[in-house]
Structures are given as C-alpha cells and as structure tokens.
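Same chain, two partners: chain A is paired with chain B first, then with chain C.
== the complex of A and B ==
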C-alpha cells in the first residue's frame, strides 16, 4: 500500500471517529428530543463505519440495519405517540451540569491516560474470515450457549415491554 | 477432584433447561387456558423450581463427588461453588413464589408473566454463578436485571412502583455499561474473555497494565451496583420501597447473592494477581457499606425502606468475608448468604401478610400491639429480626461469627471491629420493631382491627421454612459448615 492510500485511510478513519463523537454530542446536549434522535442516528452510523474499518462488513451492515434502521425509527415512533413536542422542557440546573461535567472529565482523563499507557496485546486468535457463513457456524457451534442465552434475554425484553406497556388487556380482563 | 471437560454437555445445564421450559409453559398456559387456571401458575412454577433443585443436587454427579464439569468450550462451569449458589437462588425463588400467590390474588394481579419473569430472573442468576466466561456472565446478569426491572414496576397502578422500576432501569443500564466497558478493557489487555484464561494471561505476562486495572475497577462498579454496595447503593431504598413486597424479598436475596457469586469468581479465579490493587478498594467499600447502611436505617419509619438499608449493611458484612478470602472467607460468604436468604425472605413474608391491599401498612407504627393480636406473626417476625440483628441462637449470629472470625484470622482486625460496632448499632432499629409489637398500644383500635394480616397456607409454609432455616443454621451449624466447605474447595 503506498503512502497516499495509507494517508487517505487514516483521514477517513478520523473523519468517521469525528462524526461518531459529534453524533454523540448532539444526542446528549440539545433539549429538543428530535435532534437527540438524529444525533443518535449519526453516532450509530459512525460506529457502523468503525466496524467496516475493523474489517467486518457484515457487522457494519447489521449495525446500520438494526440500530439505525429499526431502533431509531422505533424511538421516533415512541416520541410521536407520547407527549407533544411543543411543551416547555425544564432547564438544566447549573450545579448539576457542573458536577456531571467534572465527573465525565475525570472519567475521560482516566480512560485516555489508561489507553495511552497500556501496552495493548493483540488477541491470541485473530479472525481473518468474517464471512456470514463463519459467523453463523461459530454461533451455532462454539458459541451455542451464548446464542441460546441471547434468545432468552430477547424474549424477556419483549415480555417486559408487553407487561410494562400493555394496558388494554388489564382493563378488559 | 475430578475435572471433566467437554464441548457440549447438556447435563450441565439441565436445571436451567428445566426452568426455561417451565417459564415457557406458564406463558403458554396464560395464553391458551381459561382464566380459572390462573391460581395454578404459582404451583406450576413451584414444581419447576423443585425439579431444578433436584437436578442441581444430582446432576452431573452427586454433590459430594466434587466433580468440576467444564462444558460449552469452557464457557460453563459446574462446580460445587456454583451449585451451592444455585441452591440459594432456587430457595429464594421458591420462598418468593410461596409468599406471592395470595398477594397477587389480593392485588388482582394474577398473571402468568409474574411467575415466568421470576423464573427467568432465576435462570439469569444461575448463569451468573456458572459462567466461566465474561460474556456469558454479562448475559446472565442482563437476563436477571431485565426481569427485575419489569417485576419492580409490576403493580403499575401505584406511582411508587413505577418510580422504582424507572429508577432501577436507568441506573441499572448505566451499571451494565460499566460492566461491558470493564470486560472490554480486560479483553483488550489479556486477549481473552475466559475467566481462567484471563488468570493464565495475567500470570504469564505480569500485571502491569493500566487497562487491566481500569477494567477491574469498572467490574467493581458493576458488581457493586448489583449487590448494592456503598457508594453504588443509591437506588436500593427507593426500589425496595416501591416494588411489591414479595419482589422486594426476592431482590434482596437471590440477585444480591448472584452478584457476589460472579464477583468472587471473577476476582478470585480470574484476577487473583491484582489482589494488591483491589484489597484496599474493597476494604473502604466494606467499611462504608456497613456504616452507612446501618446509620441511615436508624431513622427510617417505613419498614421496607429500613430493611433496604439493612440489606445494604448486610452486603457490607458479606464484603468483609469476601475480602478475607481463602477457605474461611468464602465459606463464610456462602453461609451468610444462605442465612440471609432465610431471614430476610422470612421478614418480608410477614411484611407481605401485614401490608394489606395496595400496601398502605408498611410503617413501624403499624406493628404496634401486633404481639397481642397476632402472636404467631409477632413471634416469627421477632425471630427474623433477631437473626438479622445477629442475636443467638439464630443463624444470623453464627453467620456474623464466622465472618468476623475469618476477618480476624486474615488480619483484617480493623474491619472486624467496625463490623461488630455496626451490628451493635443495628440492634437498635431491629428491636424498635419488636418493641412496637410487644410494648406499645396500637394508636387506635379500629385501625388495628383493619390491619388483620392475611395469612394464606402457602405464606405460612414459607414462614415455617424460613424459621426452620434460621433456627437450624443457628443451632446446628456444623452440618451446614460441612456442606459449605465442600462448596468452597471447588473454587481452587
């Protein structure tokens, strides 16, 4: 790989990182919840880009499909069906903002320090084959227990959503 | 000790499979049977718990054979340590189901999901106890937590219950984030998520990796949140107060034990090389947890809130034994958690019976004169409170005795002193309820008559089992100690 492509890949990587962070900031700070969702879309798309950089096209696509395509749309629906947007949102209190900023800065500094000072080790076995077939096979052989437990977790999540939000049956039965 | 390795050994997960089948069965019953079957959901789930209990004891071999089975490519460990914890979880679940049945009927909340979610939470705890790998552990914790979030808000008509669920959900998700970040950092520094492989890697490459230490610290936050250790305890009083009384009983016993099970396995088996780093951290947390829990409990009038702070304090005692580590320390953790399950669920069984529809009677003043009107309830409540306070001849006393002797033996004399002072302080608020029951007149006779406790046969059975457990753990500790020592050995 020559110098130019290397530099372009580097630049593209940092642009994706910047987009992800910008999305995260938009997801947290504005008081309008629609902006927050759009920020979340940007951040999650950026994460999908990072997966592509890691060499896993499939996971990147899944990230787009599930998080951006399904979850964010579901959030938009939830906003649409709940309280009206034009209502005043309570202002943030300054002491709270300051304390939160201090805590997050402390945490960020610790993390940055740690990541600079750690001698990161590559994983003992590094995958080169990221095809869908391999992932599927591993999920049903080596990681079969995890696969089954994930399905239980999702079942409980669905059940929980129905129990928490399903008003109708309770009133009729 | 015999070790069995295999890629897939279904007999290692029979108890979990059985519980899953029963919870699905209850969901199907709920959907396809007539409403008059609804009083049987509780019994069906009880059968499931008993069947799982039998398989925990018998499969894959007898408890005393000391077999350690590794299955699913090292992701799953069945040793006596895990099996003992599973016994505690199933015991807590069984007792909770017994005290829930009448409660749900009175609140007109008899739905299958309640029992299905309790069973799913139990499966999650069992996964946490048996996980040999951090991602499996995380999934078990999520399965347990998701079920608990929903259960905490189960009585949706009550605002406090909604508040409890929301608070628990938001803070719990935050703690889950810490757990995942910690796992990621440990994976980054060691290149593996298998707990045994982490230990091997740390042993091989040495431990000087700030990432590893940071990962460990984040795991402390996550487990500390689930076990309600100070300073990660803020959610506990509100959630315990708002959740339905049987669910509070459930949350205070099983999930707390599960957090300790995973905590001890990861730290003792995976990160023993970092002991220097975590010892002082846990020392401070143990001292704070005991003191803050007990001191704030002194001024509580709501008995559910009081027991929430008391449960924080008890987590502190368990943390002392955890720190003492070694055979004595870990076996005292197991002994204490077993005792705590009996005494705390017992106390909550009485609270459930007395609280009344919509739980209006959960204050200390509602217990005034109970000793004369309902001697049975008052005697049982006093027994559980004495045990929580650590007064002989109850299991609570023996448990604390083992914990503090382990701490002294391992050289944590300062902590043992703080612990003993704290248990003396705690006697005040436990006795306050007893004094109200026996030495104070009810504020008005009419109110006392309205406050007749609702005792169903199932609830009485639960109280008897708990009372039997508390007394036999206090009077005949040696047989329990023998079992607990068997369970400890497996961790080596």
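== the complex of A and C ==
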C-alpha cells in the first residue's frame, strides 16, 4: 500500500514537471500570441504544483491567484486591446535566431553544470515551522520595511499604468 | 525524484527557455511572457533552497511572495507601456520602436 502511494506521488510529480516544461515550450515557440499566453498559463499552473511538492500549499495558491489569475488575464486584456497583434511579424533572420539559441543553451548548460557540481550543504539546524502564521508574523516584524516598500511600488506602478495608458489615448485621439 | 538538483535543473530549463524567448521574439507581449517564465525559474530556485537547505522555512516563501508582487507591478507597467507604444506606432514589433532612440 505504501509502495503504491509512493509510486503515485512519483508519477504525479513527473506529470507536473512535464506540464511545466511543455507549457514553457508552448509559451516561447509558437508565433501566434494567443497560444503563447495559454502556454504561459499551463507553465505557471505546473509551477504551482511544484510549489505544493516543495511543501508549501500557501505559495502554490498564491501563484495561482497572482500569476494565473491576475497577470495572465492582464496579458489577455492587452492582446484584445491591441487588435492586429496576432498578425504575423516577419520572420527573424536565421543567424540571429541561431545566436539567441546558442546563448540561451550555453546559459542553461552553465546553470545546470554549476548546480550539479556544487556540493550543497544543508544548514546545521533547520527549523520545521512551515505555518502561514509564521510567514505573516515575519512579514509584519522582520520584513516590514520590504513589505511597505513593495506596497509603495505597487501603488506607483498602478498609477503609472493609468497615466501611461490614459495620456497616450488623449494625445492620439 | 524529490531532490534538490531535480528542481534546480527544472528552474534552469525554465530560465533558459525564457532567455531564448526574450532574445528571439520580436513581439513585445511575447517578450513579457518570456520574462515571466524567467522570474518563475528564479522563484523555483528560492523555494527549492528553502525546502532543502535553509535554516528557516518561512524566509524563502516570503522572498517568493515579494518576487510575485514585483512581477505583478512589472506586468502592469509593462503592459501599459506596450499599449501606449501600440497606439503610437500601430504595431508591437520591437524594431518599430527603434525610432525612439536619440
């Protein structure tokens, strides 16, 4: 019985990993922008599943709420507001595509090499307090300055978005 | 399956795909989508180190939350800039925006 649940958890893990990577591939390669957004939704949902496997249900739900619920919907709105967006852009020249592929492959291989060759050592004593209450308490005590600054950044970003999008409409029409 | 290097490899692959998208796409919204992928790769790294190495499990989750908040701000301001560019040039090809350089 125990073996069965173990095998099922393993299968679920690899399915989630496959969904994440497939979503990332769909988000980058097709030339139709709507497919890209749907691939992004798939990849972000897979990442939320990975967070659950990493032991944090809370961050997984936050990922679904913020990324899939807010950012992806905002991107879909932007696509709908700029209509001829899904028209084809002329193809990039082949040498540029090759250079980009080589650069990113090199970067990913270097990252994987570093992470495999380093001997990671866990901290000497590790806490076991995974509760959301601790996160909230730390947010309001030790990290309160960062918390406030991020609130300010969000406020400025929202005002800036309204001003940028609104003023340009007034100027053109 | 549930080891640190598995998660690090997944994060590196996501980051590499996002980097490829940023370098190769010419659609501005496509570039924004790729940037979101790169941020998610970094977030997976934070959460994996938090799960396997860190002394306090709350800190990595808090940093991940901060990155998500900044990503939301970045998406809002980026999309509004893209809309303003679109109204000006009637296109969201990056190379059209070259005429803005000084």
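Methods note: the second predicted complex is superposed on the first by the 152 of 173 C-alpha atoms of A that agree within 3 Å, B and C clash if a C-alpha of one lies under 4 Å from a C-alpha of the other, contacts with A are read in each partner's own complex, and residues count from 1 in each chain.
Throughout what follows, a contact is a pair of C-beta atoms (placed from the backbone, for glycine too) under 8 Å apart; a residue touches a chain by one contact, two chains touch by 3 or more.
It should be emphasised that the depicted structure is a prediction, and the values quoted were computed from it without experimental measurement.
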**Request:** Look at A:43 in the shared chain and tell me whether it touches chain B only, chain C only, both, or neither; answer first, second, both or neither.
**Result:** second
**Request:** For A:103, select first, second, both or neither according to whether it touches chain B, chain C, the two together, or no partner.
**Result:** second
**Message:** Looking at A:80, would you say it contacts chain B, chain C, both, or neither? Reply first, second, both or neither.
**Reply:** neither
**Asked** Where does A:34 make contact in the superposed view: on chain B (first), on chain C (second), on both, or on neither?
**Response** neither
**Request:** Considering only the touch criterion stated at the top, classify A:152 as touching first (chain B), second (chain C), both, or neither.
**Result:** first
**Prompt:** With the two structures laid over each other on chain A, which partner does A:115 touch: chain B (first), chain C (second), both, or neither?
**Reply:** both
**Item:** Which superposed partner A:70 touches (first chain B, second chain C, both, neither)
**Value:** second
**Request:** State whether A:160 touches chain B only (first), chain C only (second), both chains, or neither.
**Result:** both
**Asked** What's your read, chain B or chain C touching more residues of chain A?
**Response** C
**Asked** A:8 contacts which: chain B (first), chain C (second), both, neither?
**Response** neither
**Complete:** Both chain B and chain C touch chain A at residues 111, 115, 120-124, 143, 146, 150, 153, 156-157, 160, 162, 164
**Message:** Could you list, by residue number, the parts of chain B that touch chain A in their complex?
**Reply:** 8, 13, 20, 27, 35, 72-73, 75-76, 111, 113, 116-117, 120, 123, 127, 135-136, 139-140, 142-143, 146-147, 149-150, 153-154, 156, 165, 185, 187-192, 205, 209-214
**Prompt:** chain A touches which residues of chain C in the complex?
**Reply:** 1-2, 4-10, 12-21, 23-27, 29-30, 32-34, 36-37, 40, 43-44, 47-48, 50-59, 61-62, 64-66, 68-77, 79-84, 86-88, 90-93
**Request:** Would you tell me which residues of chain A are touching chain B in their complex?
**Result:** 110-111, 113-115, 117-124, 142-146, 149-150, 152-153, 155-157, 159-160, 162-164, 170, 173
**Item:** Complex interface listing, chain A residues touching chain C
**Value:** 10, 13-14, 17, 20-21, 24-25, 27-28, 33, 36-37, 40, 43-44, 47, 50-51, 53-56, 58-59, 62-63, 66-67, 70-71, 74-75, 77-79, 81-82, 84-85, 89, 92, 96-97, 99-101, 103-105, 107-108, 111-112, 115-116, 120-130, 134-135, 138-139, 143, 146, 150, 153-154, 156-158, 160-162, 164-165, 167-169, 172
